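What follows is a single structure, and I will ask about it in a moment.
To keep things simple, chains are lettered A, B and C as they appear, and every chain counts its residues starting from 1.
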């Protein structure tokens, strides 16, 4: 198990370089000239333009640019944004906020998703099951920007139960509403995955045995059915942590959360490769680590699964 | 291959009627399986040896076509398909002609001949919804098929073989998972081949390239769960090659979570097309789609919610029918889950 | 998911100094002079993250501009109506519109106590112009003699020969050619002075600038992506004295979020109502909103390099397209009546504006005449049946997509051709397409004045080879009129000539003017005395908390 974990961390190295290379290339390949955009459509003195281009190595061919980026990376210098700030400082500000938001959203979808999923799975075709299905459809079909906007208007403005936007320090309590909105679509997945899995395992031999042994229904559900139903759910949740962090663009925009979703979106639009590469580089690490945790959980959930 | 006829299945198939009749308990206790005392043990030995053994899929189909859930969902999907192929049967306004939109009608409520009202641009909401079916359905269905094939293959190989195969394929998935869809879409949409010819296929390709890792993850997890099962060991012991064991036994038994994720993803892909359109990297305005309409409705939510509601409803019904189809399919493939 | 429309799309934007009136006794336009109110309370307002360090010559967008104009003051400022008034200048004299003698008031200091002298201006302008300092606004100094030398690529020269310090309170400016509206420009951000301390570490200064305006930055007051906090500067003696205990800018990535914050009194002032609320803001904020024009307009560029739009055929087609657009209908339906159709190339808030220019009927909707002109052009050279008239625009700015789609539909319907929005995902890409002169159709354009002058709406946009002449328009007669106007001895005389130049534009239609921009602003229950200036920016220093 230890060897397995160690090997997985070793894999991080090629993955990190592969991802940064690919992302750097994608930003390089996006059409448009970042320096021209800096001037906001107004004229710019040609000498200033040339100097700025040189400052960000934009006058170099791709391999040179990427090489220079890697060279800086070795000294832990993540480069600078077009506004002259250190990318490391920008990232250090934004990542904790988004991480908090994503973890809250993940907790929300895990707790309610599994709870609703188990109930729906045990009472397939009953009223609760159908209600959950209809609610899931709403969440899937109505895009986040609408759901977020409506919730913000109702809860934040009309009812006044919460601040409609998140203040600068992004405290936990203000992130509840954004986390809810962020986790809604994934909630639909978790509910249906749990429901299906529970429904499948209800008929398994060990459940029959457990019931026959005279175990209480609660014990059968929690210990036997649930534990054996969790593998697809855990797989999904593990992958979702990273998606929630990188995909919070809309939610962060609606609630004015100063996180990486917004940062990434703006950086992509500006063609600011240093920022994009740094954000995605860290996201890749999150994905690999989350995947490792999920794999370790497999073995715990199902002892038949062994890693060497 | 007769090894499909496992004892459990015979119990379920043959024992069903008997179990119903044998229900004698006076207290109604909700059981999720038939209590032991109600299961007529004699039924287990009572195998109809004259019946020809069916393959898993043939058996599933036989079961499927009798399920009301399947029949309803199939009819719904058929209806959506007909609308997609022959939109002109359902409306006499062709919204692809620009002059059918009149800004003077902007945001007007429904009136004769325009049963669902008008969009901000003064176009007929109903006609746009009908004509948007084709592109939306294509994006949803083909993207889902694409990620199922690509992601399913990657995930199954990674989970089943483990080791180096897993290391490479799963890490490749991690890289693609972390790439922002917007960034990728901006680049792909500007490739010279696509720039002036943005079709549904380009959108499908983009969504597949950036959407497969999710299915791959789910498949991999399910395959890891099942690869050590007794029936796999048994089939290998019977001389089946490992790859054939994957195809014939591990994958069919891993389908449940894959179907669930795929049927929901179908809807999210249609919405993802909306996001791309919203950002100007999706379908051109001249191709109607629910996604395009939903994205355009963004600024109207407060004052004219109808323009959002109708395409979203059409999307919901489509997703619902695919979710029901998925449920029916899953039940049919899992003999144990059949209605007792 | 949106960029604020103005932040980048219109670029340099509304950064010009906001100004005042109160000093001289004239109370400007808005209503609420602050009779009662708490002048010690801090008010909050919306803004966006400044895109660069806070240096005068490097701030070219609204986010930084709002802050700069409060923490600095220049030689002159503009009052709420855009009229010029002296700030630090004692006098600005010229006999030939080419050589200026500028005297500054004595005894004024920066917020750190150091005196403001003529040298502070000359050094700051030289710094801004020199290529080696890579300041985005450097082209603002191009009129000054010697700019060409300091701005040449690789130049190490950093002093313009046109600037000379005479004594502590006097300096002279020599321009490369006569330009009568030069004094009008001096209220723009780029022309602010810098204290001596700025040059030791320019980057650090940009994070924590020391200025001379009505406010100063709180120590550590710029919390990136979150807020910028300002408090009144006691050393400031100018006309824009603060009537509150400070201004804190909350930084938003979308105006929608800010709008909900004002609705629930979490934010005091918002200067940009998002498109999704244009229909509701007058009822959401009864008695607490403003809707007034500012110095900006929206146009559609039809590049001169398109073969179908050249010569007589081109003039007919341009006129046809212009008359095929029902501006009022788009304003009513898409903008809910919150704009005014354009009848010229400038803006009604600018001194010298003329709503009745001869030839301006080409900007009025007339479907029959449009169709006739189009057919006449087709007789010269037929328009291919399947050719699509495209309008290129970035759609990352809110509201662009809706109005261009509506416009395309009108053009298509009224001319019987195909017309479509060509959406571009990012602003940088759309700039690239426009700059490379490779468009195959029209493109969205617009202008927001840097300083209140007719010339600013004409010269930089339609002069041959001018920096923002996206459509490559060139007409010697027009250039001559501009030059004549710049050399005029009085502003009135100049304006008359500039309007004659506009008549040429109305014939050639290098761009199709659409409408004048208007600012829609709202405020919370906690403040009073909110007024908006000529450039659409609130007069923050006039606002008091209740």
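The criterion applied here is as follows: contacts are C-beta pairs under 8 Å (C-beta built on N, C-alpha and C of every residue); 3 or more make two chains touch, one makes a residue touch a chain.
This structure is a prediction, so every number in the text was calculated from the model and none was measured.
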Per-chain CA centroid nearest to the all-protein CA mean: A
Chain at maximum distance from subunit B, centres defined as averaged CA atoms: C
Whole-Å gap between the CA centroids of subunit B and subunit C: 51
Mean-CA-position distance for subunit B and subunit A (Å): 22
Length of the line joining the C-alpha centres of subunit A and subunit C, rounded to whole Å: 39
Touching two or more other chains - residue numbers and ranges from subunit C: 1, 276, 396, 425-426, 429
Touching two or more other chains - residue numbers and ranges from subunit B: 186, 190, 298, 301-302
Residues within subunit A bordering two or more other chains: 30-31, 145, 149, 153, 249, 265, 268
Subunit C residues within the subunit A interface of the complex: 1-3, 8-13, 50-53, 60-61, 131-132, 134-136, 138-139, 142, 151-155, 203, 206, 223-227, 250-254, 256-258, 260-261, 263-264, 266, 276, 396, 425-432, 435, 460, 466-468
Residues of subunit C that touch subunit B when the two form their complex: 1, 274-277, 279-280, 326, 329-330, 333-334, 394-396, 398-399, 401-402, 405-406, 408-410, 412-413, 418-421, 423-426, 429
Contact footprint of subunit A on subunit B as seen in their complex: 8, 12, 31-33, 35-36, 167, 170-171, 174-175, 177-180, 182-184, 186-187, 190, 213-214, 217-218, 220-222, 224-225, 228-229, 256-257, 259-261, 264, 267-268, 271, 274-275, 294-295, 297-298, 301-302, 308, 312-313, 315-316, 319-320, 323, 327, 330, 334, 336-337
Subunit C-facing residues of subunit B, complex: 98-99, 101-104, 106-107, 120-122, 186, 189-190, 278-281, 284-286, 296, 298-303
Touch list for subunit A against partner subunit B, complex: 7, 11, 14-15, 18-19, 22-23, 26-27, 29-31, 122, 133, 136-138, 140-143, 145-146, 149-150, 153, 185, 188-189, 192-193, 196-197, 199-200, 202-205, 207-208, 211-212, 231-232, 234-236, 238-239, 242-243, 246, 249, 264-265, 268, 276, 280, 283-284, 286-288, 291, 294, 298, 302, 304-306
